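Chains here go by letter, A, B, C and D, matching the order in which they are written, and residues are numbered from 1 within each.
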Amino acid sequence: MKNTFGNNLTVTIFGESHGAAVGCVIDGIAPGIKINYEYLAACMKKRQARGDISTPRREADEVEFLSGVKDGVTEGTPICLIVRNNNIRSDAYLPYESIPRPSHADYTAECKYHGYQDKAGGGHFSGRVTAALVAAGAIIGGALSEKQITILSHIKRLGGIEDTDFCNYSEDAQRLAESSFPTLSDEAARAMTERILSAKENGDSIGGIIESAVIGMPTGVGEPWFDTMEGVIAHALFSVPGIKGVEFGDGFGIADMSGSEANDPFRYENGAVVTAKNSSGGIQGGITNGMPITVRTAVKPTPSISKAQGSVDLCLGENTEISIGGRHDPAIIHRATAVVDAVLAIAVADMLVTRYGTDWLGGKK
Amino acid sequence: MKNTFGNNLTVTIFGESHGAAVGCVIDGIAPGIKINYEYLAACMKKRQARGDISTPRREADEVEFLSGVKDGVTEGTPICLIVRNNNIRSDAYLPYESIPRPSHADYTAECKYHGYQDKAGGGHFSGRVTAALVAAGAIIGGALSEKQITILSHIKRLGGIEDTDFCNYSEDAQRLAESSFPTLSDEAARAMTERILSAKENGDSIGGIIESAVIGMPTGVGEPWFDTMEGVIAHALFSVPGIKGVEFGDGFGIADMSGSEANDPFRYENGAVVTAKNSSGGIQGGITNGMPITVRTAVKPTPSISKAQGSVDLCLGENTEISIGGRHDPAIIHRATAVVDAVLAIAVADMLVTRYGTDWLGGKK
Amino acid sequence: MKNTFGNNLTVTIFGESHGAAVGCVIDGIAPGIKINYEYLAACMKKRQARGDISTPRREADEVEFLSGVKDGVTEGTPICLIVRNNNIRSDAYLPYESIPRPSHADYTAECKYHGYQDKAGGGHFSGRVTAALVAAGAIIGGALSEKQITILSHIKRLGGIEDTDFCNYSEDAQRLAESSFPTLSDEAARAMTERILSAKENGDSIGGIIESAVIGMPTGVGEPWFDTMEGVIAHALFSVPGIKGVEFGDGFGIADMSGSEANDPFRYENGAVVTAKNSSGGIQGGITNGMPITVRTAVKPTPSISKAQGSVDLCLGENTEISIGGRHDPAIIHRATAVVDAVLAIAVADMLVTRYGTDWLGGKK
Amino acid sequence: MKNTFGNNLTVTIFGESHGAAVGCVIDGIAPGIKINYEYLAACMKKRQARGDISTPRREADEVEFLSGVKDGVTEGTPICLIVRNNNIRSDAYLPYESIPRPSHADYTAECKYHGYQDKAGGGHFSGRVTAALVAAGAIIGGALSEKQITILSHIKRLGGIEDTDFCNYSEDAQRLAESSFPTLSDEAARAMTERILSAKENGDSIGGIIESAVIGMPTGVGEPWFDTMEGVIAHALFSVPGIKGVEFGDGFGIADMSGSEANDPFRYENGAVVTAKNSSGGIQGGITNGMPITVRTAVKPTPSISKAQGSVDLCLGENTEISIGGRHDPAIIHRATAVVDAVLAIAVADMLVTRYGTDWLGGKK
């Protein structure tokens, strides 16, 4: 299904960085969901470039609804939303037309689209397209929060610096909503910001790890094979540009453990079945067990750096060097948390709608 | 789509551990593929329990074709294949009927199927079902190898013990085909086997990391969003029981790198574009770049251990303890490599058939 | 998705006429559905050849469950069911190997499968495969009837002979369940049977029209575009071998009407909104309006006739003649009603499960 | 998948009659397809209201590309196209807010969307949305014609008046491209136009039958079960508003035939296998046989008529009458041929892309 995600609540994404607009169609969304415009704006803002630690390209990022929303409420028909591209400076990107940037999608785009792709600003591969994802995620995530399902992401690690762990989800949510840098501790925020700035000074960039939690999931959602909750979430997460790894619960750490260390005993707590440590990250046999879904994603450093790098000239057919000018981010991870939140909302909502039916997310008049 | 994987070349899985049979339907498979029965048998054998390091349950694991194969050649119509369950001892599992085993799918199965699920031997959640996956993967993987696409997996790490890295794929392939334990070095095989046996002696189990490579992939396969090659592969891999993490190329290791460390320069080699280090694991922007796809999966320790563990009695509604008898594996990772191979074959073949059409995998008379 | 139907409740079909078995996998079926074995047997019997008006090939048609059913109740996991092929006489079919039978699928099968298809008895194209469809439809239709949704089909027309119209659905249901020939009037049954026998005497065959009704559908099911209720039902119905036309409500008859003749006024009846004439066949704008879904399907005469017909020899590359021996049906329409019932059950159940969620069709313990 | 059609070449539709725009996303379209703007404009014009025989609502219907097209050539990335709504007069529709118009989708929309739907001008159910379908069909159909696959539709019957049959496809194509009313004979055009005008004078409307042909289809496309060529085409066609019946080849006429009348002998003609009469409408066993696909669709009379009709007031819960003012069409069938052409292009192109791969429809640089 290419640029579409989901079985029953689907998001179809479109747009090029320097085209008219990026956007998406959300289909299968229940009628009667009130768009929380404030929350939508907050999510869009989280994804936006800011301060010295991001690209100087600034976009208004206003979400425009072409269909499916009337008087601020979903109609149940497909929502097409767009975010127009305004601040476009294609010239800065032109010199590399035939020289693919290392670890970018330039070369693979050429292989797939045979030169017909729009190369300006990364075209359809640009992080710009995530603006549409974040808008879709904000609408769906807003509706999920009405069902007491909340999604949180923070930078767990960046350039060797660790943030504290989730501790109290409602306080953590408060903190992440208010802070301008997505960590749980002020100290980590300061140290990571400095680390990003020092990368920037060196014409370099830096990667990291995002940790997320989906809190309030009902039990029994997901399938034993193929459409496992982990599989569906990972499928969606690998759409976030730069993500190269996804792990749940104890993840790769579990590889060195014995069963007696890794296993997670059940017990009753206030009448509900819980597990002691949530080692499984809320998912067992591909199906939710009612504990928070915990997932970590590895985000690679922005591949656009000003340092000279080896590449090839696809026209001349020879080796060459490239050093990338233009506007780019020394790190994207602090912007990527908003995208991860959005993608998690999209993925779990689809699974929930599959389980509970097409009206579940909305409201009856 | 629940228990179905794929868009154009699909595998639909069915069966319970102690039912009549496990099996699958392979649909969209090209006509004219000769079943390599020897290779099929070798794959099935790799997945089988063996020696002291596995469960004493032994199955013949003969693959029976109910449709779609005539005179050992695919017809192009759906293949239904089954593997009958013979060696069944359900009684050993019965005491736990209402006490979910920690880190197993017993509790989530109960949540999803409301008690109607077959609990004997783990039912539909049993690793037994992977016999059908391996058979499907062997048929599809056999056809891929005719297209010069090969898939290799070894245990990269187990209980702190590391195997050597892939070094020369064709020699590595030879070695993995011949050895009874899926490592590249003899020393790792010995040390890991000992580690498994010591876990067994303690009534415990052990996890690890599988490393895989898909060699010979054409460029330009995969989608920029949602159906990224990473996303599709990860989606499939999380079906392998016990997998809790998936990473590509430098994976989580990239999180501490700067762009200049992580980036992977292009260069021409014998007229073809290659990258210096394959940091991206053969995938950039969700699309293959012609380098081997490299992927690592974290496999948790078998949750069935004989040590006493805390759990709940869902009938009585109270906390309790459980210690699991019956036949089980102190490790599954050495059997799981065969399943990972199969799942990789299924996932990449579907992407290739989508790109090149339904006849691509087969042959014209 | 080829041989799979449905989005959330899916049926994947497999098997060849003279292979080991025909069968299907039903996935997404709710747990807790009691298999009504009597109803299942009755449905299978309706599809079976009988008396002089059918092929002399007789099959036991016993449905065997390989998975997904325990103690006669669905588990919620995929059901694989098979019907073994016993009464096989392939030799009778062999002479035509390279001469496609007119209006059969022999030629198109050759085009698609390049000669790898199993030709014996029509292979995967055989009406034999509908045994699996009928079994799936019986299980799903049985569950629908617990939800007060019933499906009825009768032969509306055959060789110029008309049956009476549906009049009282519960009485009609009774009559159709009891009678050995699927008409509402005894007279039509007699006349049609005679017509079939006279075709048989002439080495010929005869077609007709099946009329069906789905009674008890909730309102609001279906989509305005693409997954319209008509579109989904028609998609499924064209799988029934020999069907060349599908119409809803007034269907093709509406083409000569004016709006004032065709329009169907609403009115309240016992507090519920109904329409006066059900001209729309229970569907408006692609969505159910609560009236019975009425649909008619045109069934072509069995193409296997003993009269000599023109054809080509694909090996010799020249024109030739063929006259078909073997066992075949002078009409299939009296057997096809069972298949139409099954397909309607499969199609509407999928739409209902999409709307109401995966547990809707089943029961909680 | 609701408002999405297709497996590999997908069209996702959105928009409300009186919203900002109607439009669609075309995904899976090959790179390198030159948009034929003249053909696009011609298709859009065919769908437009014209003269006295249509609604006085007139729209510019300019197609605007938001993504996926650069310098008039497809990039291979998703195309979002929109057609803005300009000429909106919602007030004319308001009186019926709680009184569903007979044989319209007002009542079923209410059942499905619980009152949240945009009712103005029929909202998402409006024929206006077909502007997006026609645009998508024109792009895809334009690319098909480069592959020598052409699609033709004419009004076969309207209010009892018959058009002549297809006779010489290339001359028929010429005639249909040039004429302002989609019939093959001038006489039928005149008589049908008069019939429409007389319906208009009576405040009434009129239905008819569209006959279409897809010429140049390769053999071997389609699946034996479920994704039969007939099933997929019918699925798509029932999206065209007002269509209540679909038949292929001899269709419902076959119901009164014997096998010897209906069967269609094969013979060689210029080295190619053809059939004598194309009774099967180019499809046998669900798969194309290389003959033109012939299909007829029954279009109901426009349900909006000014005559008084019975209905219900959903607010007051009582029976009432309605007579519909506003601007509407006395017939839509002459506009619907453009939509049928578009939908046929969309449906067969998806099947072809599935068979031949994602690059098939486009061109390599």
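Quick note on the criterion: contacts are C-beta pairs under 8 Å (C-beta built on N, C-alpha and C of every residue); 3 or more make two chains touch, one makes a residue touch a chain.
Since this is a predicted model, take the numbers as computed values, not measurements.
Q: Using each chain's Cα centroid, which is most distant from the centroid of chain B?
A: The most distant chain relative to chain B turns out to be D.
Q: When contacts are scored as defined above, which chain pair ends up with more C-beta pairs, B-C or A-C?
A: B-C
Q: Starting from the mean Cα coordinates of chain B and chain C, work out the distance between those two points in Å.
A: Result: the chain centres lie 38 Å from each other.
Q: Taking the mean of the CA coordinates per chain, how far is chain C from chain D in Å?
A: The answer is 27 Å.
Q: Give, as an integer number of Å, the spacing between the C-alpha centres of chain C and chain A.
A: Chain A and chain C have C-alpha centres separated by 46 Å.
Q: Can you list every residue of chain D that touches 2 or more other chains, as numbers and ranges?
A: Touching at least two other chains: 1-4, 7-8, 13, 77, 112, 124, 224, 359.
Q: Once bound in the complex, which stretches of chain B touch chain A?
A: Contact set of chain B toward chain A: 1-5, 7, 13, 100, 102-105, 107-109, 111-112, 124-125, 129, 157-160, 199, 202, 204-209, 219-228, 230-232, 234-239, 241, 243-268, 273, 275-276, 279-281, 283-290, 296, 298-305, 307, 309-312, 314, 317-319.
Q: Which part of chain C faces chain A closely enough to touch in the complex?
A: 7-8, 77, 224, 354-360
Q: Going by the contact rule set out above, which residues of chain A touch chain D in the complex?
A: 1-4, 7-8, 10, 12-16, 19-23, 25, 27-28, 31-32, 64-68, 70, 73-80, 82, 112-118, 123-124, 359, 362, 364-365
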